[in-house]
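Before anything else, here's the structure in question.
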Amino acid sequence: MKRFWLIGLFILVVVGVIAGVILTRVQVYAAPEQPIAYSHQVHVEAGIQCLFCHPSPLKSPLAGIPSVQKCMGCHNVIDTDNPEIQQVASYYESGEPIPWIRVNLQPDFVYFNHQPHLGAGLNCETCHGDVGQMDVTRQTVKMDMGWCLDCHINQSDEKVGRLADCLACHK
Amino acid sequence: MSESEVLAYPEDSSAAEFEDRLLLAERTSSEINQAVLQPMFRTSWKFWALVIFLSLLVLWGLFAWGYLIYWGMGTAGINRPVYWGFFIATFVFWVGISHAGTMISAVLRLLKADWRRPITRGAEAMTAFALMMAGLFPFIHLGRVWKFYWMLPYPNNRLMWPNFQSPLMWDMVAIFTYFIGSTLYLYLALIPDLAMARDHTGKWRQKLYRVLSLGWRGTEAEWHKLHRALSIFSVAIIPIFLSVHSIVSWDFAVTIQPRWHSTIFAPYFVVGAIYSGLAALACILVIVRKGMQLQEFLRSEHFDALGKLVLVAGMAWVYFWFAGFIVEWYGNEPVTRELIHEEVAGSLAPLFYLQMSANLIPIVMLIFKKVRTTPWLLLVATLLVNVGMFTERVLIVVGNLQRNFMPFNWGEYSPTWVEVSIVVMTFAGFALLYTIFSRIFPYVPVWEIKEGRLRYTVRRIGRLLVPTAAEIE
Amino acid sequence: MAEIEPRWVLIVDLDRCTGCQACVVACQAENNVPTVGEHETIEGRWLHWIHIERYWEGEYPNIKARFMPVMCQQCTAAPCEPVCPVFATYHTPEGLNAQIYNRCIGTRFCGSACPYKTRTYNWLRPEFPEPLHEQLNPDVTVRSRGLIEKCTFCVQRIRRIEIEAHAQGREPVDGEIQPACVQTCPPDALVFGDLNDPSSRVSQLATSHRSFKLLGELGTDPGVIYLKGGETNV
Amino acid sequence: MTKRVSRRDFLKLTAGATVVTGLAPSVRRMVLEPYVQPPEEVLPGEATWYASTCRLCPAGCGIIVRVINGRAKKIEGNPHHPLNQGKLCARGQAGLQILYNPDRLKNAVLQSGGRGSLKFEPLYWSEALDILVDKLETLSNPNRVAFLGGLMPSHLYKLTTRFLSSFGSSSPIIYDLHSALEGRNSTVQLSESLFGSPELPIYDLANAEVIFSFGANFLETWMSPVSQSHAFGTMRQGQLGGRGFLVHFEPRLSATAASADEWIPIKPGAEGYVALAIGRIILEERLGQASSHRPYSILYQNVDVQEMADASQIPVEVLHRFARIFADADQAIAIPGGGLAGQHNGGTSMLAVQALNLLSAQIGRVGGVFLSQPGPTAGFRQNPNPGSFENLSILIERMKSGEIDLLLIYGTNPVFELPTSAGFAEAIASVPYVISFSQFVDETAARADLILPDHTYLESWGYEVPAPGAAKPAVSSQQPVVRPLYDTRSTGDVLLAVAERLGGQVANALPWSDEVDFLQELATELHGSSLGAYDAKTPSSFWALWRQYGGWWTEKEIPREPDISTIVQEPIPVSEPVFDGEENSYPYHLHPYPSITLSDGRGANLPWLQGAPDPMTTVCWGTWVELNPETASSLGVSEDDVVRVISPHGELEAPVVIYPGIRPDVVAIPVGQGHEQFGRFAEQRGSNPIALVASITDPETGSLAWGATRVRIEPTGRKKSLARLESLAGEGRESIG
């Protein structure tokens, strides 16, 4: 009887830990709740390029998210009946920024810079996945240090010293 | 040989002396068992008061530790340049204390010094608990203790490993190995006694002992294996025992801080450790003997022998201390000179003279047999040694960090309530563990004593009484 | 990518230094170094990455005072590096003595091992009462309690210029990269550059007969080179 | 919709589960807020640099401010600026903490609980302006309003002067402690009397071979420390084949003296004697370029070298040596500094020092003395030259006698900055209504009825003519680098708004809609000048470049030689210094000196500056008393012992720093601490030595003789640790060998 309880407790702990780990992953990959039900899929299928709305990854550390003005540039005329679009318009009129929730998040002590990555010939999809297929944008890879190192350490001899150096990302 | 064969020698004092020394008094085996077990069940109000007092000290210390973690290392008295303070000094002290157990049981076992028998358990328990207390400090002194696991070599996707060049890693390996080794050693020697206790107790104790005694029945094969295991352990643990304090000393000696950067540090630390450890053991034995009424087993000749060992270790420590000091003093290098000046005539002088007198006076005291065999005098002497050695650790860690190559960045140090509370916590924790241990496990190794009795007999050869020893191991 | 990795060095011309503390504040502003307040300073727990030591020579009235800015010496044979159990401090290919804050667990071993005592430790939680946190440089990690920090030669500024230059398809030119202290130093006492570039200003200054290294006898081979004061250059 | 709800629930569930299992990972939510309408120059994540002008001291260095996502992050020197050439001092670096100071006033406030109650009631700006207009309109006489200014932006000074004169009141009175400690007022008067031009001279330190600095802390706080430090660096190691030689005369070994080749611990007030003796010896022995001596021999007619040597306690041989050093150099400059101006005989001492430059013909020569060339910027030059202490004393008298009904205070903190004996605190109490424009509740603002906080300099417009100027004619422009953090309002705009409400003459005199309008009009005056480092096709693009460059300056250096043709030919008077306090009961000279970090105390609320150590003592976060080791041992005090410093006008207590570089008869205390109000970083910290100073003035210049007070010292028997970086055990040694 005692033994049964012990085994039961043990199994419970193991299951709990495994469940926790799985749920943690789920949390990481889960798409956050956005203030506006924005769909990348719709926009990409309409033929809009990534760089049209996210203009700066070629020259800045950040890709940038479009200003409300930019949204309204098209949505002044397109799909104005959509309640979500009207919400955008109301943000624009009140001069309030839209509080988007960041999808791909790095810790504060990681200094990621888009510009050299694009300069090295990487595509947006390499890290962000096929956003064009996503109705709700979510993270497709767990952007942890191991994932960064996967690329950074597999570099030519003259580059690897710099790219696998801690100071490449931590300052 | 059974008890009935032991002859009585009413008029022959020398025979009585032998008997006395070899615990050959007229006691049956079960009487001995009872003599060891009975004190374990005696828990007067004084005992509980002590336990509660010690627990309160430990709880207070834990609160202080929580405070330290929450607010940061700044709540301790350490600063720049004295980056290490009481925590590291106490760590070194506890590691030092832990050395006596192995010294007594492993070294003396190998040397077949029979007087060791009644005190081995106490010494080994001291080793294990002192290491437990020492092991806390590397965590206590970490600025970000919640990241301690980064010091462990475990595979991770960051491809990050601990740095095995760092003496802290050597420390961790050495202390961990030593802790496992000494705990196993303590446990192995406990098994027959646990079985004995199992057979003489009831209720929860019996259940506990049944699990812990691993079904020991006392067969020839079991004894044989136990003896083999103990001899192997005795041999194997000695290099570990030497390495531990050597490595602790290298935490300091590998830096280029003057007075730390010394080749003699490793043996000096080891000798100091044995000195303080043996002294601590003598202290504890005096107290336990009084507290548990074990006068029958812990006799003056044990204290005499232990006192002699402390005396020898003390003289060796003086020699090593002097060997280091004379070279540093003679070398007269600027920072070293400044540090020595600080000790001998500067702000550290009170600590230095306390250290020197507390370490030297006991050596003089212990020369006299009277001191060695009088419990309270021995207690005074050995307590002094421990005060001295603790001060010595503080002087080495803190004192030498106060001065460096850049006079602009010199500094001073004094501990805060947080540090004092945590240091007191480890002393209280040690005492608490030891107290509880003494009521749960047989403090005197019964089987070893019985074995000793088997080894020695007094035989009549013609008209003479001759004590004889047999090789049984 | 450069064919040879640069070797960043800082030249400190003691003849120019006036002890004005501009570098001290510039460094604090650039690197999010917290101010610790009066009590902690008395305790010896100030956090300046660069501080100016003042030495007295002689006695009144024939007395002289000299200034010497001291920061992490970025030693080639750094005593602090091997002792770190978790590789939070290590040597980079460009000769920097790196300190990775998020890896540091706070053993303070490096601080004990450093002969210059230029490593500082976050003894308590750093405080930036609102809205002072707005001053924090987003390019530099804000350190929490319990870890060691030190001069990095403003590696974030080195990287910024390098990335900018590489995006333009060129190498940074001599003098383009300036740590905050060098940038602000009013008498131009600080010069920063690549010692592996024989034409750089630091290479030329390093060969001066006035040059010396702090505690050079210890063999740490620092990346900070001092030029002695009170002498002409010729 | 059901799908959304279920997903949300699921997220909650997983979040809950991760917490329960103790495995809550680094999952956090971060909000990204895009611009609604992006400014065109901003690239997300990249810094934008805005050029402006530093306003922490009157020098007027050009700065560039790193702004990321609308927040200023770092101030650096403007590398193109002719004055500071990219360099900046500690105070300039710390300017960010004025902007982000947690103790700033966030809106206009009325001190509702009465003066000094520190109970403030927020006001709308319209209400605040109503009060101001009402107070102005109900004045019985326009002369019953007084405007007291300190460190004022040039454009604001212009606007204020226009406002006051059109209103019929007298011009603003400019006085601040920093300028007083620098001796600005005395220096300007000296230039006027010697060169006929009320300006601050420029000393060409970079090219000088020998510099004799008489109490001029030109590497710390005096005049334009950044450009002077830069020149000093060049003087030390930047000259071809040579290294300049600096001799510093001061009772205390200051940081400037520490950088000098020789420091002469001169008796307070005896600097003029030394200068006169050196001049006399040069003349007598026909040293150096003897041909240039003739016109000035009359200046030294009354000088007796032995007498001077006795009075200054410097042996004749030493004076001879200095005379030779000075005369033998091709480029030698003598600088009369702020330390002289703070003595009772300051005017004559400064004249004696400046005369050395005349004697060695250094006026207008490379490595000599210049004046700044206005060039096309003449229209900008209505700089607020600080007034004398005497002028201010007149105002204080008027306030006391009830002749002032409304006092406006901008950029100065007289309650803190003036000696207690000047009686400002009593005077302000008898003014019926006081309005302060301070951004902080300082001691003076705490005694005001209404506070109309100005923007900080990083949020506001303006310009500044560097004074003393640079080798190039220059105007330094100031523009907001960030949007104002709080509901503060530029004082210029307040004045314009008030003028509009007052109407009539005042409104006509100030026709601009806001200060930017005014500035734009003024700046574009320079448009089309062929001398400029840049030019534009249209006034509006010129205005853009003006902001982008951070001002206007010429392409080339245009030196301006001071005019020495009208110098009066009469012997330099030898006047003895007068000190307040009987020598027997007050045996020590009090030497207050401006802190290199806190200057006159206006930096005391910036934690970076509080935490930056004094270069000589390495003390921060406090006040200390510097004593010669001999003095200390005669008083029986040692390091960190608290002593009481007593003058006839007050006393303070502070711990002792044993300072080997000070005369035994002098006690030095840094200025800057001792604030009663000024925010959490400054309050109740240290003491203010200016409070002890006697209100005696130099009869020549009317400047406050802040160095002419004697004190006595009493040990208190207490100890208080000073926050020093240096270890006392190290005894100031570099190494121990």
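Each chain gets a letter, A, B, C and D, in the order it is written, and its residues are counted from 1.
What we mean here is this: a residue touches a chain if its C-beta (ideal position, glycine included) is under 8 Å from a C-beta of that chain, and two chains touch if they have at least 3 such contacts.
In this text the structure is predicted, and so the values were computed from the model without any measurement.
J.: Looking at chain pairs B-C and C-D, which one is connected by more C-beta pairs in contact?
T.: Ranking B-C and C-D by C-beta contacts puts C-D first.
J.: Taking each chain's centre as the average of its Cα atoms, which chain lies closest to the overall Cα centroid?
T.: The most central chain, going by mean C-alpha position, is C.
J.: Farthest from chain A by Cα centre, which chain is it? Let me know.
T.: When every chain centre is compared against chain A, the largest gap points to B.
J.: How many angstrom lie between the CA centroids of chain B and chain C, rounded to a whole number?
T.: Chain B and chain C have C-alpha centres separated by 46 Å.
J.: Express in whole angstrom the distance between the two chain centres, defined as the mean CA positions of chain C and chain D.
T.: Roughly 29 Å, centre to centre.
J.: Measuring centre to centre with CA averages, how many angstrom lie between chain A and chain D?
T.: Their C-alpha centroids are separated by 50 Å.
J.: Using mean C-alpha positions as chain centres, tell me how far chain A is from chain B in Å, no decimals.
T.: 57
J.: Enumerate the residues of chain D that touch no fewer than two other chains.
T.: 725-727, 731-734
J.: I need the residues of chain C touching at least two other chains; which ones are they?
T.: Only 44, 46, 53-55, 103 qualify.
J.: Check each residue of chain B and list the ones that touch at least two other chains.
T.: Counting only residues that touch two or more other chains, chain B contributes 405-406, 408-409, 411-412.
J.: Hey, how would you classify the chain contact layout here, line, ring, star, complete or other?
T.: Drawn as a graph, the chains make a fully connected set, so complete.
J.: Going by the contact rule set out above, which residues of chain B touch chain D in the complex?
T.: Interface residues on chain B, with respect to chain D: 334-335, 337-338, 347, 402-403, 405-412.
J.: Inside the complex, what are the residues of chain A that reach chain B?
T.: Those residues of chain A that touch chain B are 144-147, 149, 153.
J.: Which of the residues in chain B come into contact with chain C in the complex?
T.: For chain B paired with chain C, touching residues are 71-75, 77-84, 141-145, 147-148, 150-151, 160-163, 165-169, 172, 251, 254-257, 401, 404-406, 408-409, 411-412.
J.: Help me check something: in the complex, which residues belonging to chain C touch chain A?
T.: Within the complex, chain C contacts chain A at residues 1, 3, 5, 90, 92-94, 96, 98, 100-103, 139-142, 152, 155-156, 159, 163, 166-167.
J.: What does chain D use to touch chain B in their complex?
T.: Interface residues on the chain D side: 725-727, 729-737.
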